[in-house]
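Each of the next two complexes has chain A plus one other chain: chain B in the first, chain C in the second.
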Partner chain A sequence: MNISQPAPLSLARRWTILQLETKTELVKTFRTPAFVIPALLFPVMFYVFFGLLFNAIGGHPGNAAKYMMATYAVFGGIGPALFSFGADVASDKDKGILSLKLVSPMPVSSYFAARIFTAMLFALIIIMSLFTLGAVFGEVTMTHQQWFLTLVTVLSGTLPFCAMGLFIGLSVSAKAAPAIVNIVYLPMAFLSGLWVPIHLFPASLEMLANVFPAYHLAQLTLAIQGNDSGAPWYLHVAALVAYTLIFLGLSVKQFKRVDNRH
Partner chain B sequence: MQAHQDLLVNVSHLTKKFGQQMALDDISLSIRANEVVALLGENGAGKTTTISHLLGQLEADSGSVRLLGHPAGHWAAKQQMGVMLQGAALPDNVTVIEQLRLFASYYPDSQSLEQVLNTALLTDLTQRKIQTLSGGQKQRLLFAMAIIGTPRLVILDEPTVGLDATARREFWACIRALAAQGTAVLLTTHYLEEADALADSIVVLAKGRVVAEGIPAQIKAQLGGKRVCFRSTATPTDLKTVLPHCSASRRGDYLEFYTTTPEAHLKQLFAANLVIQDLTVSGISLEDAFLQLTQQAGVVSPFPLQQEKTA
Partner chain C sequence: MRFSLIIIVCLALISAFISLLPTPEVTPQQGSVTSATTQLPESGSYRLTNVTVFDGESWHENTELSIHEGRIISPGSLSQEETLLVVDGKGGYVIPGLIDTHTHSWNNALQQSLQYGVTTTLDMFTDSRFFLSKKQQRNTLSPQQEADLFSAGVLVTSKGGHGTEYGIPIPTIATPQEAPEFVAARLAEGSDYIKIVYDASASHADHKGRFTSIDYETLQAVVTAAHEQRVLAVVHVMDLTSAEDAAKAGADGLVHTFGGKIASDELIKLMQEQHIFVIPTLSILASIAGEGRGQALIENSPFSEFMAPGAKHAIATDVAAKRLPENYFANAQENTRLMHKAGIRILAGTDAPNQGTTHGISLHDELVMLVDSGLTPTEALQAATYLPYAIFPIGERGHLKVGARADYLVLNSDPREDIRHTQQIRWVVKNGSKVPAFFELRKTSAATSESGLVSQFDSGLTPQLGNQFVVSTDQMMRGNSTATIEHIAKGCHNNGALRVQGTIGKQFPYPWSGTFLMFSDSIDTGYNLSNFKRIVFDIQGTQGQFRLMVLNPQTMQPSEVSFAVDKQCKQVSIALKDITGVDWQNVSGIGWVAGATTPEFEFELDNIYFE
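Right after this comes the complex of A and B.
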C-alpha cells in the first residue's frame, strides 16, 4: 500500500488544477452549440443591425458606431458571466457535481476562478468581434490606449455580473436558472442603455438606469471615448464594486445553505 | 485491539437532531486499514446522515468524528480519501478520460489512469462522452473518480442503487479489486446480500441507532430469522416460561415470536402442550428484521405494534 504524507497543495499544483478546470469548462461549453452560437451571435448581430446598418443609412457613421460598439461590448460581455455562473452553477449544484467537488481535495477557489476565466474568454471573443466590425465597417477610430482601455474595462467589468450570476445559481434550481438569468439580463440591458443610447430615454428612465450595474459599466466604457452622460468615473467604479461585494456576500450566505447531501 | 493510529475512521457517540427528530443517536463506528465495512439499513435509517458527518458536510450536535487522524472535512483527510456520493450525477459533454484527468489533478499522489481504468472496468470507454454511458458505467466512472487519488479510505454511499443485477455484480468486482489492493472501504447499502458479499464487518443502523454489528455471518443469523405465529389462548408470559429467550407479542387472537432457530423452538413449544392452532412459520423481510433488532435494542418504535402488519 502506498502511504504518502498529505501535503498542502503547492502553487504549481493549484495552477495545474485551475488550468485543467478551465479547460474542462471550456470544452464542456464549446460542445454545447446551443449555448455558444446565440451567446456569440446575438451581440454581434445586434451591433450589425443597430450600430452599423442604421447608421450607414442615416449617413453618419463613426461616432454612433463607436458609441454602440462600447455598449454592445458590455451587453456581450456580461451575458457569459451571468450564464456561466447563473445557469451552470445551478446545474452543478442540483446534480451534486458541486458537492462531489467540495468533498474532494480540490480548492474551492479553482472552481470559481475557472468559471471566471471561461466567462472572460467568451467576453473576449465577443469584444474582439465587435472591435473588428466597428473598425472595418463602422469607421470607428480610437487611440491605441482607448481601444485597450475599452477591452480591459469591459473584461474586468464582468466580475460584478459573475457575482450576480453566482447568487442566482446558488439560489434557484437548475430548471429555473436560465429563465431567471434572462429576466435579469435582458430588461437590465435595455434599461441600462446597452441597446438604445440612454440619452434617448425619458429623463425618469435615465434616472432609473442608475440602479443597474450594467448602466455603470456602460458609462465607464463610454467615458473612455468621451460619450458618457457626465457623472465622474469613480462613482461608476464604486457602484460596480459595491454590487460585486453585495452579491458575493449574499452568495456566501447562500453557499452555506446549499444542501450538500445529494 | 490494534494500535489507535490504525483506526482510519473513528466515530464516537455521534448524535444529530434535525429539529425535533433524532437523526443519529449515539453512533459509534470504527474502520481499520484494509477493512471493508458495510453500513446496512433501510432508507431513512441514518446512513447518509452518518456519511455527511464523515465528509464534514454536517456538524454533529455531540460526539466526535475523526478520519485518518484529522477532523472531518480537513484537507489532509480529503487528500487521503475518495468519495462516491449518493445519487451524484456527472457533467455532460465531457469524456471519461477528461473527467478522470481533472479529478486526478486534485490529488498529490494520483494513480496511473491506466490502473484506475482497469480497476473500474472502464478501459474500453475512455473516449466516450459521459451522457452516452449506461447507469452502471456512470457509477463505475464515479467509482474511478473516488479511487484515483490512491486513497487509504474510500466511502461509497449507496453505490449500487438503481443498477440491474449484472451491473451490480460488475460493481462488486470493482470493490473487491479495490479491497484486494489494501484500501479500507466504507459502503452503505440496504441490501443484506450486498453487505454479506463485500464486507468484513457489518453495522446495522435503524432509526439513527446502531442496532447490531458484527461479521456478516453473525448479522445474517440475526437478520435471517423466522417469524412464528399461531392462534392460542396462552399469554406472552406463558410463552416466556417455555422459551425464555424469545419475546412474544400478541396480535388479536394470535401470538407471535421471532427466532433464529425455529426448529428447536418449535420442538420446545410442542413439548409444552400449549394450545396451538393455525401455525405459520415465515421468513421475514429485512425491514421486519430491522424492526425486530430495533425493538431488541430497546428503541421505542414510533408506530404502535398493531400497525406493523401494514408495513
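Right after this comes the complex of A and C.
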C-alpha cells in the first residue's frame, strides 16, 4: 500500500503531456535564433558551395549533386540531434530543469520524445531545403520512392545521434557541451565522407570511416540512389542500431548519476 | 485534436512536396546493363566487352576490359551501381598500344606514331628542346593526339663521331674520366636513359669510316657511370666486334643488331649471362640493304591509300648502301634468330625516321620481320609491348593489366594467325580515349583556284592567288639569317617586281632566308593546288643556287627543289611532281629562299603563276 505512489497516467493524459512538452520545446527552440540559423543554414550553404557550384564546374551534371544532397542531408540531420540532446540536456541538467522535470508527474519519456520530435523537425526542414535546391539547381532526379526513402532514412537515422547527444549532455557540463558536441560532430562529418565523397579518401581513411555512425547512415542513404561503396545495407542498419543501444545504455548509467540536489 | 490535425497537414504537405520532386525520364534499373554501344565514349571510362585481349604477356579469350579515367581497372572495383558504359567490342582483338623502342623524334613524329597505333616511343637521340617540350604530356591521362615520348636526349659520342653530323651542336666526350659528369649532365637535361655510340673499328689504323668513336675505356666508364646513377645504358653498335665490346663493358642493351658477320658464341654467351637485350632495328637494316620494304608498304598494305605524302616520301627509297658485306640483311635476321633462340630478349624498334623508315608504319613491318626471324607472333607483340615495359622505366605502358594506362589498339583480325593483322586497326585508343587513326584523318578540303596567276607585281606585293608574301628566315629556328622584301617599280621586265635582299647566317646548320607566299593567315591551313602541273616564275639576282620550298600544314619540314639564278632575268619552270613529298591538295606556303652558298644575296621575282 504505497499511497505516495501516483496513479498511473491514462494514455490520453500522456498524449496531452507530450503535446504540451513538444509545443514548449518547439517554442523554446525557435526562440533561440542562435541555434536555429546555423543549424539550418550550414548544411544548406555547404551544399550550395560543394554540391552545386563545384558540380557545375565538373562534368556529369546531376550525379555529384545527387550524391552530395544525400550526404549533406545526413550532415544537416544529425546536427540538430546532437545539439538538441548534447547541449540542451546538459544545460537543463546544470540548471536543475531536468531534476524538476523528473520530480514532476510528467513521464520522463515525454521529455525525450519531445526533443526527438524537435530534432526531427529540424532535420525535415533541412532535408526539404536540400531536396529543393538539388532538384531546382542541381538537376537531381530520383524516383518518388527514392526521394521518400531518402527522407525517411535520414529522419529515422537521427535516432542514434539523439542517443549519442544524450550521453554527451548527461556526461559534461553545460559550458563544455557545445564544444564537445562540435569536436565530435565536425570531424566525424568530414571523416564519414559527408562533405567530400568518401571514395576520394585514401583507403586507410575509408576503412577508418567504418567506426563512425555517420558513415553508416550516409552509406545507407547513398545506397538508395546507388552511390554507396558496396557493403550490404543491413550491415549499416545493424551498426546504427548497435550505436543507438550502446549510447542509450551509457546514458542510462549517466542518468543515474545525475545530481538532483539542485 | 488540433495537434493531430497539424501533424496530418504536415504529412500531407511533405507528400505533396515529394510528389513534386523531379523523377528521371526513364526509371533507372539499378545494376542492369545499359544497352551496349559500338562507339567509344569521349570520356575515358567504360567497359569494352566481347573482345579477346592480349595483356602484353598472354591472351585472354572472349573477355572484357574495364577502363576508368584513362586506366585499366579490375571489373569489380567500382560499385555495381556505378555502371560503366558498355561498349561492344564485336569480337575485336585488343593489344596494348605498340612501343617503338628506337626512334628519333621531331616535327610530327609523335602524331604520326599515334595514328598508326604506336602509343609510346623510346627515342634514342633527339634535340633536347623537342624532347623537353613533349616530356610533360606523357604524365597526363587526358586525351592526347600524340604518342608519349621517352628519350635518351643527347647521345654519348666522340668529337666527330656518329651523332654530330646533324648540325645540332652537341657535347662530346673524350676521356673515361669525364664519364660520371657527362652522364650526370644528360640526366640533368632530362634524359630517361643513356645511349652510347660505339664503333670498335674507329680505333684501328686502317679505319676508313667517316666517323670517329669513343674508345673502349670510355665506353666502359660511361656504362659504369650510368649504372652508378641508376639508369640504363644502351649502345649503338653496327658490327660484331663493337657488339662484343659493348657486352664486355656491361651494357644493358644493344640498340641495333648487325649484318655482316654472324654473332659469335662468345657474344651470345655474354648477352645471356648479363641479360643484355637487343633492339635489332631490322627496319633500318633492311633499308640499308635496299630490301624495298617501304615501297611494298606503299603499294600493298592496309596503309597504302592513307599514307601522308611525307610518310610515303620517307619510305619510298631505301638507303641501299653500296659495298655492303654479302648477305647483309639475311645475316641481320639470322643474328636476331640466334639471339632469340638463346633466350636473349628481343625488342621491336625501327630507327625511324631514318631513310627507308617512318614513324608508326615501320613498326608494323618490324613486327613482320621479327616473325620472319623466328619469333612467334605473340613474341613479336611482346617485343613491342611487355618487354619494353619490363626493361625501360616507362611507367604502366606496354601491358593491359589492372593499373595500366589505357593505351591500346582494337584489331579486326587475330594477330596470332598473321602478324600482319596488327595493320588491321579498328581503333587506336590513348589514355582511354579514341584518337583518330591513320584512316580517319580529316581531309582538309582546302580552297582552290581556277586561275593560276599569282602576281605580276604591277602595283604592289599583294598576290591574286594566296594571301600575302612574307619574309621567312631561319630565325624561327634560332638562326641569324636576315631578309627584307619590297616592291620595286622596275624589275625583271622593267615593270613591278618583288625584290628580296638578305644575308645567310651561320647559327642554324641548315640556314635559309627569303620570301614565302602564304596561302592563309597561319601555316596550319592549306590551299589546294592539285589542279596545276607546274609553277613558273621570272627571276634575276645573285648568281647561284636557290631553292623553292613547299610547306604542308602537318609536316613542318618543307619539301624543296633547287634552281639556278643568274644576273640575267630568266624564266624558271618547275614541274610540281618533281618536288617530292608534297601534298598538293593542302599547301600552306611556297618559298623562294637562299642557302649557305650565297651568304649575301638579292633577287627579284616576277610573273609568278601556276599552269
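The working rule: the second predicted complex is superposed on the first by the 254 of 262 C-alpha atoms of A that agree within 3 Å, B and C clash if a C-alpha of one lies under 4 Å from a C-alpha of the other, contacts with A are read in each partner's own complex, and residues count from 1 in each chain.
One rule holds in what follows: a contact is a pair of C-beta atoms (placed from the backbone, for glycine too) under 8 Å apart; a residue touches a chain by one contact, two chains touch by 3 or more.
From a predicted model like this one, the values you see are computed outputs, not experimental measurements.
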Partners on chain A (chain B, chain C) - clash or fit: fit
First, second, both or neither for A:L151, with chain B first and chain C second: second
Chain B versus chain C as contact partner of A:T141, first or second or both or neither: second
Touched partner set for A:I17, first chain B, second chain C, both or neither: first
Partner chain(s) touched by A:V103 [first = chain B, second = chain C, both, neither]: first
Touched partner set for A:L200, first chain B, second chain C, both or neither: neither
Degrees between the directions from chain A toward chain B and toward chain C, using C-alpha centres, nearest 10: 150
More chain A residues in contact [chain B versus chain C]: B
Which of chain B and chain C A:K95 touches, first, second, both or neither: first
First (chain B), second (chain C), both or neither touched by A:F131: second
Distance in angstrom between the closest Cα atoms of chain C and chain B, superposition on A: 15
Chain A contact footprint on chain C (complex, rising order): 3, 14, 17-19, 21-25, 27-28, 30-31, 43, 79-82
Contact set on chain A toward chain B in their complex: 1-4, 6-9, 13, 16-17, 20-21, 24, 27-28, 31-32, 92, 95-97, 99-100, 102-106, 260-262
Partner chain C, residues of chain A touching it in the complex: 19, 22-23, 59, 124, 128, 131, 135, 140-144, 147-148, 151, 226-230
Chain B residues touching chain A - in the complex, by the definition given at the top: 33, 48-49, 52, 55-58, 75-80, 83, 85-94, 98-99, 101-103, 105-109, 129, 142, 145, 149-150, 152, 181-183
